[in-house]
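Structures follow.
Here chain A shows up in two complexes: once beside chain B, once beside chain C.
For the complex of A and B:
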């Protein structure tokens, strides 16, 4: 299967190039620092403006999980544990993945398109010609802003997701909110929360690095920007799913290994 | 002494050969116009001189110093001496006109104070026929032609010894076109700045060029003084000159 081998080779070399790009960004960020004003500016642009979408997505993820799990639990007469299960699933697995998917569309595609159009209209080269490094001046602040914003948005989205579950249980499933909430600490350990946070951070890094890299290396006019955005979107989505699986497995493994608390 | 010399430059993008053994020279204080059909690699040629693209073969000399294979840190110095005005305005949308024009001044630490910076920016804007009132506007609010002139002012601000212009007067109104041409001419004659100008405006070329070079198929196929080019028998050159000649006669 020649095409499979080609596909795999391409993917690996692209991943390698993205990793090099991330390494260079880190290097520049550490050596040269990041201008605070520029970072705040970018975080406002990519972060604050994505807040409404994140809130909607987060709330609905929590609500959907509560409704779905309720159907299954009702068959076993175990509705009492709904709060614990729905919350745990929201913050450990489905929540981070779905919200990250949404952010990759909103924050990621925006960043890839912006950097891509800067590239193909010679803005990156102009910065170089004027004696500055576009990586330092343009890319690194955006990359950091995307990572931080994505992480914050994911955490906010997860909290709203938990709230969504509570609200939907009370309003639609007639499960008392207090009872629902009381079950949460029994099923959601610090470990689960940590796993959710770790995933949020990793997904934020994936969105930032891939989208900045694709935008920065775009070429070939407006069509090239479109290509870069599409490629970034595909890569981010696939990587998020694969990493979700990897991190879940790793979390289970470490958990069993360390025997910290309960599920 | 020769400011810029390109020798046998070759560049391909994949299977597509864009520069195919191009040789070209711009001597000190000289104004050289490069003309040619769209897509013949005029912009690619300029990008090679400031190290934004590396040739597959050939060499570029700046003040006799070979440039190919230099590290990015050395290009910093060369780009300070050799300013580039891109075909796109290439302004940063998130910065005001003031900050855009001041970009190179800040990067090279050329201004001692903020007020000196503002003054320098205003002077450069005036040189391209723009008022200081534009300083606090942002590029997306401005027309393409005005953005392009701001971009010109931005490159002039670092006061390079050599200027590379990529279609500086395309889309400009007649008043701005005249101002830009006079500026190129003045910089060359009073400050000894050498200019390499890519342009489709034969009128300007005939008016201010010391030499005109015709690019085709990745090579310089004809070159000479404006007068020589006007009389050239080369079919492509004659085609380019025909329209300019007709307009000349109209004026006369």
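For the complex of A and C:
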């Protein structure tokens, strides 16, 4: 029991520290502004350069879901609803989670490792020696870039995921693409799209905050950087799963509540 | 901005306690560095030399005690005062602290952009001159990760001297370099010191190099200053902790 208590305490403590870090970054960003040049530079490095990976991952996520759901629906002769179900699942649940997992490895690990290396090679201290604030100069542009890039990449990944489902249905499952698309509006409401977008934003924030925090607080040379990246990866993956459950439940609850309200 | 006290020492550390986690580094350490002095801090590895430098310039906060710069406590510095402090101190940390994903030019231009209102053309010219002064002319567009260890040290030194500070603090500028490159770096530092007429605070684990650069030598070991005096006097004195250290024995 003791180790469970310690684990829980450490987790809560780390989450609290990450939240404080995010708050401080927000404060600095609002009070002193964001260095636009650095932001664009970082968005190019973490966003644009991650686009091909996201397109591949997104496309395959949609294709996998279409194939898997088709196996289940075929047994009930309900393949006609494949387009709607596959798209709904892609947008609301599996898509954001899988693409966020991929981004946590691509964007998150890169950011944690870069900031960690900067920390252990005195680059953060050098910025302070030069009279600048490393949070303002290094962290805030990266944090914002990771959040914005992750959100945009998630949204793009979801759209490509839908396209992947359409393509695989037409080419492999012999389901007419037009029929597939026609079923989408019946199963995918604006609420579903909103839920997917909200999850994408929250997952983007989680990847940005945790990875920047772990990188920024790395210590102990190369081993310390490795430790920071590992901690960031584990925390992001677990948080994404927990938040996916929480947001899905919240979305369902709110949806039901609002529908009752309308009645 | 703070009112400078012309009589106050450049740095004054009073009764400093500091440690990492459970291991104390300094207990009640006090040290004064007068303006215009060139000081070398020597001592065995892991005795707290870099920690002392970081405490002196405010990168680390003492657990108790106070650090004063020109008579004013660093802990009371406002943001504007910290910026002014950064202008007056040129610092090159042990790993040089260069932005390794940036070019040499960007590393130096950053300092000028932060502290001057120079035009881009003027910054470019100043960067080129600074690069040439440390023998790195023509490498402006090279990325830091492409440079050798000696070239990185040169670039770090160029950055430390770029704003013509009042005092330059260098943390082991010859660490990990071959004897020829070490010699070139020492010559470079001495040349800058004489040409720009500024004070130096240099950390080294190599006492013979310290004698070349400094007027005053400090020997740090076991969290205490074991020897403190004019370089020439300590060099000639036989016996004592510095003499033992020079002979490769633990200074006591």
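Rule of thumb we're sticking to: the second predicted complex is superposed on the first by the 259 of 263 C-alpha atoms of A that agree within 3 Å, B and C clash if a C-alpha of one lies under 4 Å from a C-alpha of the other, contacts with A are read in each partner's own complex, and residues count from 1 in each chain.
Following the convention adopted for this analysis, a residue touches a chain if its C-beta (ideal position, glycine included) is under 8 Å from a C-beta of that chain, and two chains touch if they have at least 3 such contacts.
If you're wondering where the values come from, they're calculated on a predicted model, not measured in any experiment.
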Clash or fit (per the criteria above) of chain B with chain C on chain A: clash
Contacts of A:227 with chain B and chain C, given as first, second, both or neither: neither
Which superposed partner A:129 touches (first chain B, second chain C, both, neither): both
Which of chain B and chain C A:121 touches, first, second, both or neither: both
Shared chain A contacts, counted only where both chain B and chain C touch the same residue: 118, 121-123, 125-132
List of chain C residues in touch with chain A within their complex: 54, 57-59, 82-87, 89, 91, 93-101, 110-111, 114-115
Residues of chain A touching chain C in the complex: 114, 117-118, 121-123, 125-132
Chain A contact footprint on chain B (complex, rising order): 47, 50, 52, 75-76, 79-80, 83-84, 86-92, 94, 103-104, 107-108, 151, 154-155, 158
Chain A - residues contacting chain B, complex: 41, 118, 121-123, 125-132, 138
